[in-house]
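Below are two complexes that have chain A in common, paired first with chain B and then with chain C.
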Partner chain A sequence: MSKARATIYGWLLLGPAFVLLAAFTHWPAIATLYHSFHSTARRNRPSVYVGLDNYQGMIDDPVFWQALINNFWYAVGTIPVSIGLALLMALWVNEKLAGRTWLRLAYFTPTVLPMIAVANIWLFFYTPDYGLFDQIRGLFGLRATNWLGEPGTVLGCLIVMTIWKEAGFFMIFYLAALQSMPPNLAEAAAIEGCGRWTFFRRVTFPLLMPTTLFVLVNAVIGAFRMVDHVVALTAGGPNNASMLLLVMIYDVAFRYWDVAYAATLTVVLLAILGTVALIQFVVLEKRIHYR
Partner chain B sequence: MSDVVVEKLARHWGTTKALDGVSFKVEAGSFAVLLGPSGCGKSTLLRLIAGLESPTGGSIRIAGQDVTGLPPAKRGIAMVFQSYALFPHLSVAQNICFGLEVRHVDAAERKRRLERAAELLGLGKLLDRKPSQLSGGQQQRVALGRAIVAQAPVCLMDEPLSNLDAQLRHEMRLEIRELQRRLSMTMIYVTHDQVEAMTMADQVVLLRDGKIEQDAAPDALYAHPATIFAARFIGTPPMNVVDLDDEGRIADAPGGAGALGVRPEDIVVVPIETPGAVQARVESIEYLGADTLVAARKGAGRLVARVPGKAKIEAGAAIGLAWTQEAQHIFDNRTGRRVADPPA
Partner chain C sequence: MTVSKFGRRGFVAGGLAMAGAAKLAAPALAQGQTRLNFYYPVAVGGPITKLIDTMCADFERENPSIKVQPIYTGSYQDTIAKTLTALKSNDFPHFAILLSTDMFTLIDEDVIVPFDDSDQAWIKSFYPAFMENSQAEGKTWGIPFQRSTIVQYWNKELFKEAGLNPDVPPKTWADQIEIAQKLTKRDASGNTSQWGMQIPSSGFPYWLFQALTTQNDVRLMNPEGTRTFFDDPKVVEALQYWMDLSMKHKVHPTGIVEWGTTPRDFFERKVAIMWTTTGNLTNVRTNAKFDFGVGMMPFGRRGGSPTGGGNFYVFKKANAAERAAATAFAKFVTQPERAAQWGIDTGYVAVTPAAFETQRMKDYVAGFPAAAVARDQLPLAWAELSTHDNQRVTKALNDGLQAGLTGAKSAQVAMAEAQREAQRLLRPFQR
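So, the complex of A and B:
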């Protein structure tokens, strides 16, 4: 085969993947960055270069800060707890116990359920007066609470629901990692007189670190990617108390049609996610043992 | 120094009897090999002694103390696993000292023991490496090191050499034997390789289907196999065992009350007209270098003779086979057991 022919073959093989990646990933990313430096095109008013005006507008926007702070607390509230729970559940269902298949299935169910169905279930739980939580509280003579309607409780409600949904999903990764661990290690440790906690601390947990990093990165991305539940449950309200960054981007882009501002917010969101992922890799990479 | 006494030990899973009433004694400071084909229960037996599994019956005593119900750590044992069971995220030194740290041995003592083990095993330059950066033989040494620093009086090994290549296996055999003598450990060693058993053991416990077939020193096992199974399991090529007819001659058809066993090296090829020689027809010739294996058929039986050098015999030739009275082993075909030593 001549060199030119080989080159053509090469490009033809590469082509489909390259076209898809460029059209749906690279081009939109560049376009977003481009739009963030231009004004939104309106009727009779084409898009023009505005420099950092959009970014200035963002910094002056109290809703942006509210969403950022909400998102921060949302991440802090969901990530450690759901990962910790996932690890605990995985350790538990990895033991030899009766009906563990059903237990694993039960833990994984929240992940399988459609997002809107999940939101509906929790909407019922949180309903004032006759919702599940208020009925239980009623048994103890406590008064009804509008869980999703109070700025003080709404973010907490979202956090609890997210933990419920994510922990089972992360558990699967931990369970897979635990099952690929040779049982000989535990036996060797048992002969040395190593207790369960010491074994976990010295052997199991360090060997699970690659999984933890993977789950952590996913959890962080998930925390900033949350939009569907919020739209179904609260639409960011009341008074922006449950407004998260992606919900805000959705609102700005598709309700107010302010494409330039939405692009600006997207760039910031991407920057945040990229930075966090980079920090995670740099900090944790050195302490992780890959098999 | 601790002896190990196993009495009527059994491990059943439902109707499956992995181990069925096994009793034997290993003297303090001696090297015992549990030998048998796969599925004979030898690994189960070792795991029961280690305490990694619990027996359904019987007892285990180590140094006079009944340890049947004790956890592994309280039995005074160390164990080397077939897959080495090294902690992949810990360095060689950390792996070796893991047990000592867990048992809160102080740092100075830990260092002393580590240095001694590293010196014994030639691991000095590898202490900072991770197991994944070591060859199979080096990983094996680390596993040995972990067993040595524990300074347990009894050491259990579960097919420790089966993942190594032939050359390395040979070296490690000698090395493990040497270590065991030097540290005067009581060793219980599981293998399916009869060569390991013959070369290393003071005592061989041959197992089959969860029962002891024979418990003897290697030379006794070789010279006086108690059963047809033992006779055929030990030796390369294995002992010839042929059925006998009612008059005590090699039978023309299979099935007969008795069986005759002769080791290939005890058979000599003689001219066919030699008085008293068994007349047979050569089926195949296998030249091995130092000697030749001549397989010949007599009636329903097939006899292999080990002839020194390169034998000048063609396949299909009629030859005579002879052996001395002492080389004969007579077995009962129904029980599979040895009848009696041949009359001198």
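So, the complex of A and C:
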């Protein structure tokens, strides 16, 4: 095959993915950046170039900062716990125990359910007085709590629900990785007289690192991307106590129709996710052994 | 599935219309066929989609030259999002049902046209309270269709248990506290097993709050939608009253009360009196396993409630013939008989006094007097909060209310901050 032909083949193979990525990812991202430097068009007031005005407005917007801080705590609250839990569950259902297929299925069920359905189930769990949690607490004589109606508890409620939803999903990846791990490693370790904990710390966990990176990237994106439940449970309330960045972007774009400001917020979200992904790939990559 | 259904119906209706046009060979043919896309939301339970389909079919039968394609577009929120997006394309709605409070937003987006008000008799046939949210700049931008108000529902059994007259709900604000105190049950350890009353405060607390401000005789905005009065002492007083119900008198749950589970709290006897929309009437009638009452709101300085719900709007992108056809449709479905039937089928308040004068409605009200409560309250009702940049201004108020109700801010501070934010948002419209 001539070199020119190979080039054409190469581009043809690359083509579909390239077109899709360009049309639905790169072009919108550039357009968003463009819109963030312009004002929103209104009656008698066409869109004009406003420089950094939108960014200045964003810095002055207390709701933006609240959403950002909430999102930070939401990420910190959900990511480590759901990954840890996923690993624990995967290790457990990887053992040879009776009914482990059912156990795996049970752990995976939350992932299968649509987020809105999940939110409606949890809305009942969190209902004051006759909701599930308050009924259980009632057995111990504890007072009814308005879980979703108090600024102090609402974000925690969302975090707990997200962990429940996400852990099963991440477990599948860990389980797949554990299944593909050669058994002779365990046998060799056993001959050497290596304890279970040491084996996990020195063999299993390092071998799982590529999976952990993958799961971590997904978890971080998920922490900024999953918002259906916020809309269904609290709509960001009370008084923005559960407002997350993407919920805010939706509100600004499709309720206030302030396209320019929504674009500005989107640029910030893109920057955050881009930076985090970059750090993960560059820094963690060095510490991961791919087989 | 949906597409094929519409396609088939479209084909049949088109065939019929052509046959009709050929026979009559009248102006209809000269004008050709007018096709209308009609976006509508569903915000309450019941077979709304079927009712709308039937309505459109009936209209087409009487107006063979017009074809109406009803397109269900989700909630009110989804519908306005889809409408504004579709209006930027070539496949757009010619008219739609959207929130009455979105009027200023739609004017500012420059997408709607006012209704031809040469037919003053029709414009004047609606309840004035509904027209407040439908007219601006001296023009009529919306035609009331699926409208509601807030009423109080009370559990007659719990009233009897508490030694109260089960047929008399609270009539005044002072009454209300006293009655709610008798209806609140606490055990020895201080747990409340039954609340006297609750007013939902999640999602859109401003609407229920507006019942309190209306009763306190204060408006939240000017008719032009360019100014708000959130820091008026009477508004602060109304919020203080709501906060006191839970914080001082302890007859109302603390924190934010979920709108969605409030009816359920009522069915579970966790609360004796609830405030919610007339749109819940059918829901309560089906699910309450006890005798319940539906009553007008109690009186503060006056009585009343804000109105709510959706209007017809006609879009600028429609041509003259399409606008006329859409207006004809709005006229058709707001005729007294049809408005009455729509009210009976859905629980919405029939939009004209004439609808309540029809035999059909009279028979219905005779069998189910609760259906007339909303009507009797309408003379006292005021327009729902609606301004330019409406959703944002409303959000400023919602945030303030929730800050007050969760105890994060005092009523005074919360309302002053909401007003400052609203003032900032509305400044460009005050020129």
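Here is the rule we go by: the second predicted complex is superposed on the first by the 272 of 291 C-alpha atoms of A that agree within 3 Å, B and C clash if a C-alpha of one lies under 4 Å from a C-alpha of the other, contacts with A are read in each partner's own complex, and residues count from 1 in each chain.
The working rule: a residue touches a chain if its C-beta (ideal position, glycine included) is under 8 Å from a C-beta of that chain, and two chains touch if they have at least 3 such contacts.
In this text, all values refer to a predicted model and were calculated from it rather than measured experimentally.
Enquirer: What does the overlay on chain A give for chain B and chain C, a clash or a fit?
Expert: Taken together on chain A, chain C would fit alongside chain B, as the superposition shows.
Enquirer: Of the partners chain B and chain C, which touch A:F254 in the superposed model: first, second, both, neither?
Expert: Once the two structures are laid over each other on A, A:F254 reaches chain C alone.
Enquirer: Does chain A have more residues touched by chain B or by chain C?
Expert: Result: the larger residue contact count on chain A belongs to C.
Enquirer: Tell me which partner A:G141 touches in the superposition: chain B (first), chain C (second), both or neither.
Expert: Second partner only.
Enquirer: Please indicate which partner A:V217 is in contact with in the superposed arrangement: first for chain B, second for chain C, both, or neither.
Expert: Once the two structures are laid over each other on A, A:V217 reaches no partner at all.
Enquirer: Looking at A:L91, would you say it contacts chain B, chain C, both, or neither? Reply first, second, both or neither.
Expert: neither
Enquirer: Per the contact definition in the header, classify A:I172: touching chain B only (first), chain C only (second), both, or neither.
Expert: neither
Enquirer: Touching A:L207, do we find chain B (first), chain C (second), both, or neither?
Expert: first
Enquirer: Which of the two partners, first being chain B and second being chain C, lies in contact with A:V276: first, second, both, or neither?
Expert: Neither chain B nor chain C is touched by A:V276.
Enquirer: After superposing the two complexes, find the smallest distance in angstrom between C-alpha atoms of chain B and C-alpha atoms of chain C.
Expert: Taking the overlay as described at the top, chain B lies 52 Å from chain C at its nearest C-alpha.
Enquirer: For chain A, give the residues common to its interface with chain B and its interface with chain C.
Expert: none
Enquirer: Considering the complex alone, what residue numbers of chain C touch chain A?
Expert: Residues in contact with chain A: 77, 81, 84, 105, 107-110, 189-193, 201-203, 253-258, 260-261, 264-265, 268, 270, 389, 391-392, 395, 398-400, 402-403, 405-406, 408.
Enquirer: How about chain A: which of its residues touch chain B in the complex?
Expert: Those residues of chain A that touch chain B are 182, 184-185, 187-195, 198, 202-203, 206-207, 289, 291.
Enquirer: Give the list of chain A residues in touch with chain C in this complex.
Expert: Within the complex, chain A touches chain C at residues 42-43, 123-124, 127-130, 138, 141, 143-144, 146, 148-151, 234-235, 237-240, 251, 254-258.
Enquirer: For a test of understanding, state which residues of chain B touch chain A in their complex under the given definition.
Expert: Chain B residues touching chain A: 50-52, 71-74, 77-79, 81, 83, 85, 87-89, 98-99, 102-103, 130, 132, 146, 150.
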